[in-house]
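In what comes next, chain A is part of two complexes: it sits with chain B in the first one and with chain C in the second one.
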Partner chain A sequence: MHLYLKLLSGSLRSRMQYKMNFLISSLSYALIMAVDFILLAAILQRFDDVKGWNLYEVGLLYGISSVAITLYRVFGVEIHNFERYMVEGEFDSLLIRPVSPLSLLLTKNLDLSRIGGTLQGVIILIISIIGLHEKSVDTFFLILYLPVSILSGVVICFSLGLLTATIAFWTQRIKDFQTFTLYAPFNAANYPMNIYPGWLKLIFFTVIPVGFMNYTPVLFLLNKGGDLWNLLLPPAVAFVFLFIAYRFWQFGIRHYHSTGS
Partner chain B sequence: MVYWILLQKSFLRNMQYKIAHLINNAASAIFGFVFIAIWVGVLEGKDQNSPYNVMEMTYYIAAVQCILWISGFLTAGLNIQNGVRNGAISLELVRPTNFFLYVTSQEAGRLIYNFFFRTIPIGLVFALTVGFYVPQKGTTYLFLCISIFLAIIISINLHYLVGISACWTTEIDWAHFVNFTLLVALGGQFVPIDFLPAPLSTLTQYLPFAGAIYYPVMILLEKISYDVILLQLLWAVVLTLFNLWLTEKARQKLEIQGG
Partner chain C sequence: MIVADHLNKHFKIYETKKGLMGSMTSLFSAKHQVVKAVNEISFKIEEGEFVGYIGPNGAGKSTTIKMLSGILHPTAGYVEVGGVSPQKRRKEVAKKIGIVFGQRTQLWWDLPLRDSFDILKEMYKVPDAKYQHFLKLYDDMLQIGNFMNTPVRKLSLGQRMRGDLAAAMIHDPDVLFLDEPTIGLDVNAKTSIRSFLKEMNEKEKKTILLTTHDMDDIEQLCSRVIVINHGQIVLDGTLTELRKNIGLPSVMEVQYRTKPEIGDMVMDGIEKMRWEEEKLVLQYDRSVLSSPSLLQEVTKWGEPIDIQMKEPDIEEVIRKIY
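Let's look at the complex of A and B:
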C-alpha cells in the first residue's frame, strides 16, 4: 500500500508539470460528457419523462454510471491502454519484475485528465438529489447507498476492462472491443434499463452486467419496485465478476507468448 | 495522380482491420439502439405534439448512426499534429505536392472504406431490425449524394482546421474534443436540431455542424427542402479557402523559424 501511494504521487507530480494542459483537457472532457446530459434535459423539459423516469431520476443513473467509468479511466489507464504492451512488446518487461504484472499496471500511471468527467458526474448527482428532494422524495437512504453503488460500478467497470485487456493476449489489439464492452454498455447504463428491448436487457444483466450498478438499487430506492435484494445484488455481482475477470487474466498470462522478435 | 494513389493506399491500409471494425460496428449499432430506445421511451403516447413520431425518430437515429462513420468519426486532426510534434511537417510542407490535398485525400480513402465496411453494414443491421427509411422520390437520391459529398468536405475541413492549428499550439487534444462535441451536439447526432431549445435551434441551422450530419440525414428522410444544399456548399467553399490560407500561413511560419 505504501508503495502504491508512492508510485501514485510520483505520477501525479509528473502530470502537474503541465498544469494548463491538464486543466484544459479536464474541462473539455467534462464538457463532452455533460453535453449528452444537457441534450437529454432539453428533451425531458419538453416531454416530462422517459418511460416513467423524470430528469432527476435519470440523472441519478447517469451520474453513478459516469462517475464509475471515469474513475476506472483515472485509475485503470494502463489496463485500458493495455494493447500497447502487446503491440510494442513491452509486456515482457513487466513479467520479469518481482511484483505481479497487474499491480504494476495499476500503479504505473494515473490519467488525471479524466477527473473532470468524475466531477461532472458528481455535479449531476448533486443536482439530481436536490431536484428529487424538492419534489419531496426521501433521499436519505439514497445518499447513504450512493458510495456502494458507485464502488460496485467501478469494480464492474474495472472487471470489464480487465476482461477486455486479457483478450489482447490473443488478438493484440483491443480498442475496437472496448467500444463493445465498455463505451456502449456504460452509455446505455446512463438511462433506465426498462426502455430497452428484452435482448439488450438480457446482455446488460448477464455478460456485461452494467444494469446492476445503478438501475437495480435506484429502482428500489425510488420506490419503483424490487425489494431489499436490490441493494445486496450490486456489490455481490461486482465481487463475483471481479473474481471471474481476475481468473481470466491469470489464464491469459499463462497463455502469453512473447513475440520473440 | 498522386492524390488518387494516396486515397487508394489509405483504403487498403484500413482493409487490414476488417474483423475488428465489424465488432465495432456491432457496438455502433448498439449505440443506435440505445438512442432509439430513449426516443421511443420519451415519445410513446406523446408524439402528437412532436414534429417527429416514433417511427420517424427511429429512422432519423438509424440514418445518423450510418452517416456518422463518413462525416462524424474522422481521424483527430487528420494526424497533422503528429508531423508537427516529430518535425516531419517541415518536410511535408515543402514537398511539391499540395499539403492540403495530401492530407485530405488520405482521409478520403479511409472514409470510402468506412462507407463500405461501416455505413452499409450498420445500415443493414437497422434495416433488418428497426427499419431504415428508403427515399420515395428519384431526385432525392441525386441530391442525397451531393449533400453527403458536401457533408464530408465540411467535416474533413473542420478536422483539418483542428490539425493545422497544431502548428501554433502543438497540442490538439482539447481542440479535437471541443470540435467533436460541437459536431455531434449541434450536428443533431442525438437530438435533431429543430428540437433544441429556442435560440440554439435557429442558430445551429446556419452553422457548419448541421451541414455535416443533420442536413444529409433530413434529405434522406425527405423532410427538408433541397435548398439546404446551398448552405452546405457555402460552408464547404468557405472552410476550404480558409484552410488553404491557414496552410500558407503555417508554411510561412515554418520558413521564418528556419528549421
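Let's look at the complex of A and C:
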C-alpha cells in the first residue's frame, strides 16, 4: 500500500510540474461539462418529462452516471491512454517490475482536472434529491443507496475501459473503439433505459451493462417497478464484470507484442 | 544462470488501418505475414559470464532480451533465468534482474533522480542499510551524486544513462540485461559506463548480457560473443574465436596532398586497401597491427592532410562471418 501511495504522489508531483497545462485543461473540461448540463436542463424544461421520468428523476440517473465516469477518468486516465503503451511499446516498462502491471498503470497518472465533472455530477444529484424531497418522495433509502450505485458504476466503467484497452494487445490502436464502448454507453445511461429500442436496451443490460448502475436500482427506489433484486444486481454485475475484464486482461498480456527498439 | 532452449518468437504482421473500422477489420482480418523474429535460438549462460549479444538491426536481439525478462511470451521454446521461468513467475524473475534500455529510460521523467531511487527502493523492498550501501557504491563509481536532485528530463544523455544503470541495480540483481546502453554517448560517458560494468562483472560476479553496436564495448568487456542474424545464432564463442573468424577490422581513411607512393611491401595486418574519391581507405586488423604503427607507415607513403579513424560496424562484421 505504501508503494502505491508513493507511486501516486510521484505521478501527482510530475503533473504539477506543468501547472499552466493543468489549469487550462481543468477549465476547459469544466466548461464542456457545464454546457452539456445546460443543454440537458433546457431539453427537460421543454418536455417536462421523458417517458414518465420527470426532471429530478432523470437528474438522478444523470448524476450517478456522470459521477461514475468522471471518477473513472480521474483514476483510470492511463487506461484511457492505453493505446500509447502499445504503439510506443511503453508497456515494456510496466512488465519489468516485481509488481502487477495494472497497479503500475493505475498509479502512473491521476487526471485531477476531471474532478470538476465529478463535482458537477454531485451537485446535480443534490439538486435532484432536494427536488424529489419537495415532491414528497421518500429519499432516505435513495441517499443510502447512492454510494453503492456510484461505486458499481465506477467498477463497471473501469471494467469496460479495461476490456476495451485489452483489445489493443492485438490491434495496437484502440482510441476510436473506446468512444464506442465507453463514452457513448455512459452518455446513454444519462437517460432512462426505457426510451431506447429493445435491441439497444439488450446491449445495455448484457455486453455493455451500463443500465445496471443507475436505471435498475433507481427504478425500484422510485417505486417505478422491480423488487429488492434491483438493489442487489448492480454490485453483483459490477463484480462479475470486473472479474471477466481482469481475466481477459491477463490473457491479453500474454499476447503483448512490444515494438522493435 | 540464463537458459534459452529452442526459443522462437513469431510475429503476425497485420495491416493496421486507422479509425474505428480499421481497428475492427484488422482484428478479424486473416491477411497477415509471419515474421520469425527469433528462430530456434538456444544458449546457456553461466553465472558471472559477460556475454555480448550482437547482430544487425532487426536481428532479434531485443526480442530475445524481452523474452528473457518476461515482457514477451515465446511462440515456442523455453526460457529460464536463475532457475525460474520469467513467463510463469515474472515477478520473481523481475527481482533477480536489472534491465537497461538505451533507447528508453526507466526513470521517472519529471521527478528528480533521487525520487526514482526512492520509489524503486520501495518497489523492490530494499532494506535501508543495503539501499544506502549501494547508493554510495554506485555514486562512487558513476558520480551520480551531483545531479541527484535534478529532474530526469533535464539530465544529459550521459548522466541519464548513468542514472538508469544505477537505478537498474539498486536492488542488487544477479543478472543484468543491457540493451544498447552506450548508444549515442560521448567517449567519456562510454568509458565511465564500461569501467562500471567491468567492475560489476569481475568483483560482484554479476552475469551480464549486453547488446551493442559498438565493437569497442565487445572488445573491452565481453568474454563471450553470440552473434545473431535473421533471428538465428550464427556464431557463439569467445572473443578470440570471433577474432579468428573475422578479425576485428578497423578502418583508417587517409587523404594525401599529392598522390602517395605505396610500396609493394604491404604490411601484415592490412586486409584491404581501396580508393574512395580522394581518400585512401585501409582496413586493418588491430590484433596484428596497432593503429600507431599503421599511422607511421602511411606517413611514409606521402604527406597526409587528413586522417580519420573509423570503428568497424556490426553490419560489416556480420557480413564477414558468411
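Rule of thumb we're sticking to: the second predicted complex is superposed on the first by the 246 of 261 C-alpha atoms of A that agree within 3 Å, B and C clash if a C-alpha of one lies under 4 Å from a C-alpha of the other, contacts with A are read in each partner's own complex, and residues count from 1 in each chain.
In the analysis below, a contact is a pair of C-beta atoms (placed from the backbone, for glycine too) under 8 Å apart; a residue touches a chain by one contact, two chains touch by 3 or more.
A quick note: this is a predicted structure, and the numbers were derived from the prediction, not measured.
Regarding the shared-chain residue A:Asp36, is it in contact with chain B (first), chain C (second), both, or neither?
first
Once chain A of both complexes is superposed, is A:Phe180 in touch with chain B (first), chain C (second), both, or neither?
both
Give one of first, second, both or neither to describe whether A:Val99 is in contact with chain B, with chain C, with both, or with none.
second
Contacts for A:Gln250 in the overlay, against chain B (first) and chain C (second): which applies, first, second, both or neither?
Neither partner.
In the superposed view, which residues of chain A touch chain B and also chain C?
Common to the two interfaces on chain A: residues 171, 173, 176-177, 179-180.
Which stretch or stretches of chain A touch chain C in the complex?
Of all residues in chain A, those touching chain C are 2-3, 6-7, 10, 13-15, 17, 89-93, 95-100, 167, 170-174, 176-177, 179-180, 254-258, 260-261.
Going by the contact rule at the top, pick out the chain B residues touching chain A in the complex.
Contacts found on chain B: 17, 20-21, 23-24, 26-28, 30-31, 33-34, 37-38, 40-44, 46, 50, 171, 173-174, 177-178, 180-181, 184-185, 190-191, 195-197.
Sort out for me which residues of chain C touch chain A in the complex.
Spelled out, the residues of chain C in touch with chain A are 11, 16, 18-20, 22-24, 26-27, 58, 62-63, 66, 69-73, 90-92, 94-95, 97, 99, 101, 103-104, 106, 108-111, 115, 118-119, 122-124, 151, 179-180.
Which part of chain A faces chain B closely enough to touch in the complex?
Against chain B, chain A makes touches at 21, 24-25, 27-29, 31-32, 35-36, 39-40, 42-51, 171, 173, 175-177, 179-180, 183-184, 187-188, 191-192, 195-197, 200.
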